[in-house]
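Structures incoming, each one as structure tokens.
You will see chain A twice below: alongside chain B first, and alongside chain C after that.
Right, the complex of A and B next:
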């Protein structure tokens, strides 16, 4: 290959890196200060592009000057920044006191709402933006033509980096941001107005995302799918760089841009998985990313975000449980075929959600990639039935084994990390598994998947299959529940609450977490196998990020601090989705709005709300008894 | 919009119990295609109901549902349509994996499924079944139309760029298989498969140009296409190169390209404003009057689908699935897009596509030197169907 081509290809990589960095710097700032995993960051990027394709052409009507173009871009970024402020004031500020993960659920609700709002405001047709005046042309670099606008983008990245450095080191606001990134509690204790600091940070973060989107309009059209296509990549950049580190994000973006530009020459299909391979590799070697620091709370005994005291069932819970069980058994008598179908799915998801909360709530292992084990279980069962011709029964045995095996394999690396890095490594492994299912067409059927995964004759009717799912799912949930109350579950909680103390009393922390991870994976695998037979097909969407996010939403809605909450959450989430989907095209909007409403009403989830009612009632009874 | 979907289509003159057909599609995620498609269906159903309905006077009613764009959601929605809504059969779906999953459900539940938009060859070939029919020309057919249009050209060195999923992969595979017959000695010198919706246009264009091809076969569409065309225009990738491009001439993809529309690409598409068939002209007029927008390919497909459904119901005279399937196999319908036959052998419709060159007129692109390629001439050869399709 000629050197001039290599140079131009590398410049292409730098241009992509620059755009990626601008967006990622905002995410990393917001995370550093507020500890919020902001799923809505991609939505801000998309809004930036949409606002820009609206404002900039209008400005260019007056005069086709580059200055007006860039004024429009900055104005769009500012508009998006204000939307970030609105999100902070109206939503996030109300839930800072609850476990940090709930804010993730709230931002997920925002993602859904913005998706539909964009369709509603701008319509479904992609909108191409104008090219930048004065930068429309190509520039010759030796014999290769290169877009002038991309040369400009290459400069933008380092300029933004420089400006952020100045902001961080030369202004009081920046110093406070750095301080809060290092130790948020200490900043609060020293009397800094946290509300103002958070609002300012959200403005800056959303502004940068909006800027990244607005700067893209001469290259890509604004479309309603931009948010999800960028958000994972941006997460990868921030994590590889080290959460909270702006310079790290810059390094990571450059690394990814170059790998992408040259990777496609050797592996033309690499873009699907490249960034996740890189993230997995970096996290296995450097557990806090390239330039990140260990999380400040890591050495401190913090209030854990999960199941504190697993309560045994009292008389009321026993009665409710028995009623629920009776309802399960009687359901086929009064439900129509479709309701039975939905109930089957709720049971499947309840098991998957319960297994996830076994990790998150009980083990403090936040997995963003739980769908991997669900999906791999489904694939194991589905492939055995369709490719080997096994009947359903042995295939259903293989599902939890596959889920457990892969959880053991990935978990071996995962449990070495903690916090957000651990979460992102689970995401990386899930995406790698997804890519294999997607790409290995001969065996997995690629993205079309495999059809013909139907139950054996005796379980083929909706009623029979419902009972099969009910038995296995309830058994799975009860087994996991038993483990939570058993010494093994208590040991996992000890590892979650204080690694150092657990270690000091002789617990092999890693081994316990690893076993816990594998157990949860095998339960998810069983649930995936059951799902495959209820749908008749398997395909990569079963392992995809949206599926993992759905599981997270279920446990958060249900409440990660309660043992049985995830079951409630799965039922609520699936019912809300099923309620709105037939009603309107804009069901995502209503799903998102419902999630946000539930987050605001029940900031500890449905299970948490129940527990609170219960303890209040208990106190009242106690008061009545003492009064008597 | 939602209210209209819920209320179904109020019959004007047709009497008696309505015939309910379930229609599931990606109305939320793929609205640019599916909303015009639904408009086309509603227009056709209204027209038919005003003229007396189907099966001797019963109104035709569509129950529209979002398929959630995943196989899991779609299968549940399909079950809802078949059980709770009591639909006689189902139609629709957009994505190939969704279409295949619903097709297999139809086979399992022994209900008719009319796949309208999914392009994957598998749905009528390797994974075809008795209960599933597909209306649109498949990936193979559209690729073959393009390759035929390139017959007699002299370009030997070809580069392929396609989105990395089934549609892109199988279009590329079909192209590799077919190009040699149209241009003897043609070779593939570069292939790029960016992830769908995430094309890194600069790197992709650079990698293609590096191979110095004489011609390019493009399968990218939507936002990926816009990014690719802009980058390629600025970098001169398309200069003095022949480009074959799947689907690019459809209004769905032409409109977002705007004035970036390249000149002289050979594409499949739908130059709706130039098609002079009387029935088609009447359709365009009625559509524009009703929707206040120009028709898209989706609008045409929706209209044609309803015409086929109405013809099927009238001919079958019953809602009994086995009878419907037997009637639809080999059924010919006069549609606004010409005569369409559902071939009995593989259940593939003979709906065609327009093949021509792109040209920029005013601020949007359209097609010139086009001709209508009747799908009947581009079907899979019967021997190939018999070799792969189960039970064929």
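Right, the complex of A and C next:
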């Protein structure tokens, strides 16, 4: 290969690294101060691009000068910064003290709302932006042509890094940001106006995301899919660099930019896998990223958010369970085809949600990518049937095996981390699985997926398949439920409550978490396999972030403190979604708003409400007895 | 017989020497205290014995078996129980379940998918709780207990491993004076009855001089004195560097109060 070609390749890697850094620096700053991983950071990036493709052409009509172009870019970033302020005041302020899972979900609610707002304001068609005046030409480096705008982008990254350094070291605001990143409590105790500091940080963070988006418009059209595609890359950059470290984000962005630029030459299809390998390697050696620091341990012992004490079924629950089981058996007698389809899906999701809460509620392992194992189970079953021609039965056996194997593979890395790092790593793995299913067109059918995943003849009728799903799902749920009460489930809770104590009584914490992760993955895989046959097809949305969030919303709605709550949550969530989605064009908006409302108003979910009613009734009975 | 032998432990954190050639031994049934000012390297030494830290050089030998650098869970299985400076318990569990969990771990049943955790080893756990005087509260959530009681339960959890050696990092930190004396007396009784060696660090001189059989004084990572409480109390260097005149008198008082 020519040296000049390698140089140009490296330069284009630097250009994308530069853009990535500008966006990632905002996320890492906000995390450093507020300890919230802002899912909506990708939405700010998308909004930056949309605002820019609206106002920059308008400005350029006055005069096609580079100055007006960059004024427009900065103005777009400032508009997005103000949206960040709005988000801080309206939402984030209320959730600084809630557990990470709830924070991530609430900011994902914002992602959904922004997606709908963008579609509503700008429509579904991609909008190309204007090219930058004065930077439209190409520059010749040796004999290779290189766009001038890309050269300009290469400069932007270090300039932003330099400006941020000046801000951090030469201004009071910057010193406060650094202090808060080190020790938020202490900054508060010193009498710093925290509200102002947090709002200012959100402005800066959103501004940087908006700037990153606005700078992209000469290269890519503004589209409604920009948010989730960028957020994964940004997560990877910030995790590799170390959460809260701006210099770390810069290093990681350069590393990943180069890896992608040269990886494309060697393995054109699997650059994403290379990025994943880099991330895995970094996290194994340095669990807190290149320049990150371990989270300071919490000073006081707090009750974990999750299943505290798995209650045994009382007479009431036994009766309810028996009634539910009877209803399940009798349903096909009076249900129409549509109801039966919904009921089948509810059963499938109930198993997936239950397996997720096995991790989240029982193990304290907040997986943000549970759809990966669901989807991989579905793909394993679907591909075996359509590509190899296996019948349904062995394919349904392969589904949990695939889910479990991939959960074991990814889990090997996942269980080395905890808290927010763990959540982000599970999300990144899920995105990689998604990307492979999306890009490996020859095998997976790419975006369209594969059709013709039908059950065997004996299970082909809706009723028969419904019964098959009912038997397997209920069996799966009851088996997992049994494990929660068994020593293994108790051990997972023990590891969640106190790692140090579990270790000191002789428990290999990592190994048990890994086994739990694999077990939950295989249950999700079975659920995915069942889903594939009920739909007759597979496609990448089964592994997507929205699918993972659906599962999380189910367990949140059901109540992560309860053992059976997720089943209730899956039933309620899926029925509501299925009922409302066809009625409105803005279901994303409603879903997002409902998730936020759940987090803010109803964090214990349906299961929590049921438990509360029961204990109230119990108290009333007790009061009556003592009075008499 | 010698239960624990520590030879030439060294540990540096960057430029700070946290332990330099620390060596001592501990017999079964003996209570050995490590004392010293803040930052003297007590917790470092302690964590190197318990497996939380790996020494740069040196050996830790338990019952003629080298355990240097083994992780805590393995050290535990070899017969070492421990309590923490800030009590570490399973907060969502009840008192008795905390002890049951430790017993489940000791019997290697943590991967059992079939049994019911709530009914495993309950009698044995209640017995251990009775030893520390907590059987009445067995079914209360551990989060409801007063801190002194939590420390007792933690002792029961540590005993569940049927240890030959107990490691207690500042066992009485954060407790009221009366609770402190009671906990130390309890520990001493259990250690003598069952021939368990106890290695503990402590800032409370009452606890140390009342109950320790031998004392090691660490200053800046080095052992500057060792011996019986009487020897350490009267050691001029210890008096100068650590105890001071008031501490010296307090130590005498504590010794007299405990042993008449």
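Heads up, the rule we're going with is that the second predicted complex is superposed on the first by the 506 of 628 C-alpha atoms of A that agree within 3 Å, B and C clash if a C-alpha of one lies under 4 Å from a C-alpha of the other, contacts with A are read in each partner's own complex, and residues count from 1 in each chain.
Just so it is clear, a residue touches a chain if its C-beta (ideal position, glycine included) is under 8 Å from a C-beta of that chain, and two chains touch if they have at least 3 such contacts.
On a predicted model such as this, the values are computed, not experimentally measured, just so you know.
**Q** Quick check for you: in the superposed arrangement, does A:309 touch first (chain B), second (chain C), both or neither?
**A** In the superposed model, A:309 contacts chain C only, not chain B.
**Q** Thinking of the overlay built on chain A, is A:424 touched by chain B (first), by chain C (second), by both, or by neither?
**A** neither
**Q** Between chain B and chain C, whom does A:500 touch in the aligned arrangement: first, second, both, or neither?
**A** second
**Q** For A:432, select first, second, both or neither according to whether it touches chain B, chain C, the two together, or no partner.
**A** Neither partner.
**Q** Is A:83 touching the first partner chain B, the second partner chain C, both, or neither of them?
**A** neither
**Q** A:488 contacts which: chain B (first), chain C (second), both, neither?
**A** second
**Q** Could you pull out which chain B residues touch chain A in their complex?
**A** The touching residues are 1-2, 5-6, 27-32, 35, 65-66, 68, 70-73, 75-77, 79-80, 83-84, 96-97, 100-101, 103-105, 108, 120, 122, 127, 164-166, 169, 191-195, 197-204, 206-207, 209-210, 222-223, 226-227, 230-231, 234-236, 255-258, 260.
**Q** Within their complex, state which residues of chain A touch chain C.
**A** It comes out as residues 301-304, 306-309, 482-483, 485-491, 493-494, 496-498, 500-509, 512, 515.
**Q** For chain C, which residues are in contact with chain A within the complex?
**A** Touching chain A from chain C are residues 50, 71-74, 76-77, 81-82, 84, 86-94, 97, 101-102, 104-106, 109-118, 120, 141, 143, 157-158, 160-161.
**Q** Can you name the residues of chain A that touch chain B in the complex?
**A** For this pair, the touching residues of chain A are 1, 5, 8-9, 12-13, 15-16, 116, 119, 124-128, 131, 136-138, 144-147, 149-150, 218-221, 223-226, 229, 233, 260-261, 264-265, 268-269, 271-272, 336-338, 341-342, 345, 438-439, 441, 446-449, 451-452, 454, 531, 535-537, 539, 541-542, 546, 578, 581-588.
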